[in-house]
Amino acid sequence: MFAEFLQYLFSGLTSGAIYALAGLGFAIIYNSSHVINFAQGEFIMIGGMATATMVAAGLPLPLAAVLAVVATMAVGVALEKFAVEPARGADVTAIVIITIGASIFLRGAAQVLWDKEFHALPAFSGDTPLRLAGATLMPQSLWVVGAAVVVIALLWWFFNRTLFGKAMLATSHNRLAAQLMGIPVRSVLVVAFALSAMLGAVGGIVVTPITFTNYEAGIMLGLKGFSAAVLGGLGSGAGAIVGGLLVGVAEALASGYLSSAYKDAIAFVIILFVLFFMPSGLFGKKGTDRV
Amino acid sequence: MWKSPRTGGLAVLVALVTLAPLGFPNAYFYDVAVNALFNATLCVGLNLLVGYGGQISLGHAGFFALGAYGSALLTGRYGLPPLAALLLSAGVVGALAFVVGRPILKLKGHYLAMATLGIGIIIHIVLKTESAVTGGPDGLGVDAFSVAGLTVSGDQAWYWLAAVLVVIAVWLSLNLVDSPVGRALRAVHGSEVGAEVVGVDTTGYKVLVFVVSAVFASVVGSLFAHKNGFITPDIGSFFRSIEVVTMVVLGGMASTFGAVVGAVLLTLLPQFLASFEDYEAMVLGGIMMGTMIFMPKGLLPSLRLLLAKRRRTP
Amino acid sequence: MKGLVWMGAAGVAVLGCVVFSGGVQAAETVKIGSFLSVTGPASFLGEPEKKTLERYVERLNTDGGIGGRKVELVVYDDGGAPDKAATFAKRLIQNDGVDILVGGTTTGTSMAAIKVVELAGVPFISLAGGIDIVEPVKKWVFKTPHTDRMAAEKVFADMKTRGISKIALVSEDSGFGKSGHDQSLKVAANHGIEIVADEVYSPKDPDVTAQLTKARNAPGVQAVFNFGFGQGPAIVTKNYKQLGIALPLYQSHGVASKEFIRLAGAAADGVRLPAAGLVVAGQLPATDPQKPVVTAFKADYEAAFKTEVSTFAGHAYDGLQLAAAAISRAGGTDKARVRDELEKTSGYVGTGGMVTMSATDHMGLSPAAFHMVEIRNGDWVLSD
């Protein structure tokens, strides 16, 4: 009985860590711009696809990974420069449509640049499962969890200990005041996109050995990441992690104990209920409206 | 110059839908046009919520699908006349929207987007899973639409039905927007707290338009099912929900005719882009981005602004 | 007011522009229309189908066309959306004036198009698996691939010979997996198979160990049968290995492509599945009538596209050959005569098997068309 439960939990943590990584990207951009970037899933896809194709072409994994991260960051910066920045001041809904357009564009570009097939990466530390009290976990899942932990630690350091990070936080609280204090609010947004692209690419790389990747892989990851970020409370990094893990574990427990056909629906019902009682998510700031 | 959009705009719309078939050489054009007008009707309804009420919904394809499946099952399995099935489905969808509307419309912005997205996805999953009733992902056949013994058959008949439908929808929307409800809604959009302070029951009005837009979606869904004769759960997928919101925003939020223009354009666009083959997605994404970057208020309002400017500087 | 009129004029202009190059062309070329899911979730079926149609239409033309007439192919991408497929079917028939349709990657898109082709009276050869496409028989509709029911029956028969009677069914909630699931439930009892666990996953789930754990723990379970395609079955197979489940694992014909072995890696060893002869072309006995056809097609496809041939490419190849043969026998593109000739197809040896159609059978494949295949050391091994 316990072994069963533990296996469900491991299954949920594996998926949950993936959702959490995806959710973190939403949180960063939201934090500095109040924009939801619906192309976040595509960053993950690009990171995974670029690495997988370069490894297949014979490059060593670490080099391929670094190149893929750099390439994805370039895409992120380009997205900010050419699509989000020119629409500055537009309605939030307009920017949402722009990022949705960008996600369609990037998927289309990936399918032309690469192909429509699935790509795999070998697991970083082998395929021998770890055993614990009758349940099993793949070492790659630990890589995903580890990546999420390292990323959140780095982000915490960046936002709380570096000048630029603090400037970004200040911008998210009050853009005008930050600008008056001499903070270059424009580059803040560029950095936010670069950061979340980097995060997406890293996520894509550690996740690909588990889930494989293809040009459409970003859709599901974007959707789950968005759910994780909203459940945790938009703009909260810790919230995105908790939100992602909750969604993953809820799905796994639902398929274990209730119905695997309805596991996704059950996860969404849980999110709805949480929002009914906590309209700003688990860790979101209470909204105050200026009149 | 926009003093009487109710009569003027409506007249142009009537003229357009009446004259358009002159340029249709074959049934395929009618088919695309019917889809465009159906989408337009759906978007006019959604625009009340998104454009005027300022509330985003990423789940409207769910209501559309419920209308479609409601009609398909009530006529096919229980032998109800199509019109009765359509009305009954719309009633049920309206009631559902009312029940879920209260709690979720208290949410704001992206939280509301998440909640509506969740509801849409739950509906999609149920339609996919309960294959004994819905036929599952492989779909369900639907009988023809007939009223009082007269069957709507052929693309031309459907075109005229869709044309009448869109005109009625626009007329209803224009009236609603001009009514006290519309003014209250605009107040909600402007500043919800402000509206609440002066005594507007903001949630009540939001729920009202949510229900109205859901009923629009359901009615269009019912007719779509009868016209296509075959439906699958994917008509309720979240891609569809995003597509219809894109139509509204691209055409111009808070503009009834903008919603019509956006719906028509985005229905026709894939037909044009089919020849781009592998580049289709890139072109579509590029057009979406370009439109919103250069015309952040949407096509119709931006064109109007441009026109007004040109008139002022002759 | 003027502004609105101006806008209206622009709208009419846009609508007017919808005049495509089309129009019914002179009867000199044979026009073959196709709508395929080249993008979307079924893109790795639709993509090889499109490449195959294009290559072999070109081949037909270099060989002198059909009955001396050049062949023209029109392909649209429906993205896997049934309502788009219906519109494209209408466009092909009404606007492009095609003589025959060969396409419909998924069961959903094919079913949506059936309403259109039946009304218009144009022969349609579907490339999708669902049994509903040809059962009940529709006048104008034919199909080339085996049905999901045949796949399930083949697997159940194999289980029976190996003494298995209680199984867990793990299926995908998409069209292919869901319809395979429903057909499996329907025919299991006929083969003395009892389904003791019935678990479902989504095609893009990162991990399905929860479902597999539940399947393994079902009382008396002797084997697991997974119905799905794409990356899902590869994840199932890897998770199966991770959990160390010792029961035999069966997959459906949806994974009969080398891509599955590549994705699942060593975990794929020992997986059994039903597959068309094309997959094991080299291992077929020399007496097998299919052997020359499948080896030639496989060699040609792989030389042209530098990727492993898949059965989906074979479905498109068969569809095109059936169409060409029927038009040739009918002595022209008269739709009713082509339809009649399609129905009279007899003894055509294709990549999917021997096809003999009749008024009551618009697919024409017998269960013998499927071979039981086991994966060993990263390759297919014929096992019946």
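Read from first to last, the chains carry the letters A, B and C; within each, the first residue is number 1.
Note that a contact is a pair of C-beta atoms (placed from the backbone, for glycine too) under 8 Å apart; a residue touches a chain by one contact, two chains touch by 3 or more.
Because the structure is predicted, anything quoted here is derived from the model rather than measured.
Common neighbours of chain A and chain B, by the contact definition above: C. Contact count check for A-C and B-C (C-beta pairs in contact): higher for B-C.
Between the Cα centres of chain B and chain C there is a gap of 34 Å. Chain A and chain C have Cα centroids lying 35 Å from one another.
Shown for chain C are the residues that touch two or more other chains, namely 38-39, 173, 200. Within chain A, contacts with two or more other chains are made by residues 111, 261, 264. Residue positions 125, 129, 278, 280-281 of chain B each touch two or more of the other chains. Looking at the complex, you find that chain A touches chain B at residues 30, 36, 83, 86-87, 89-98, 100-109, 111-112, 223, 226-227, 230-231, 234, 261-262, 264-265, 268-269, 271-272, 275-276, 279-281, 287, 289, 291.
Across the complex, chain B meets chain A through its residues 50, 56, 103-104, 106-111, 113-115, 117-119, 121-122, 125-126, 129, 191-194, 197, 238, 242, 245-246, 249-250, 253, 278-289, 292-293, 296-298. Residues of chain C that touch chain A in their complex: 38-41, 43-44, 47, 173, 199-202, 204-211, 213-214, 217, 230-231, 234-235, 238, 241-244, 259, 262-263, 265-267.
Residue ranges of chain B in contact with chain C, taken from their complex: 1-2, 4-5, 8-9, 12-13, 15-16, 19-20, 23, 25-29, 31-33, 35, 125, 128-129, 131, 136-139, 141, 224, 228-232, 234-235, 257, 261, 264-265, 268, 270-272, 274, 277-278, 280-281, 300, 303-304, 307-308. Partner chain C is touched in their complex by these residues of chain A: 4, 7-8, 10-12, 14-15, 18, 111, 116-118, 120, 127, 129, 136, 138, 141, 207, 210-212, 214, 216-217, 219-220, 251-253, 255-256, 259-261, 264.
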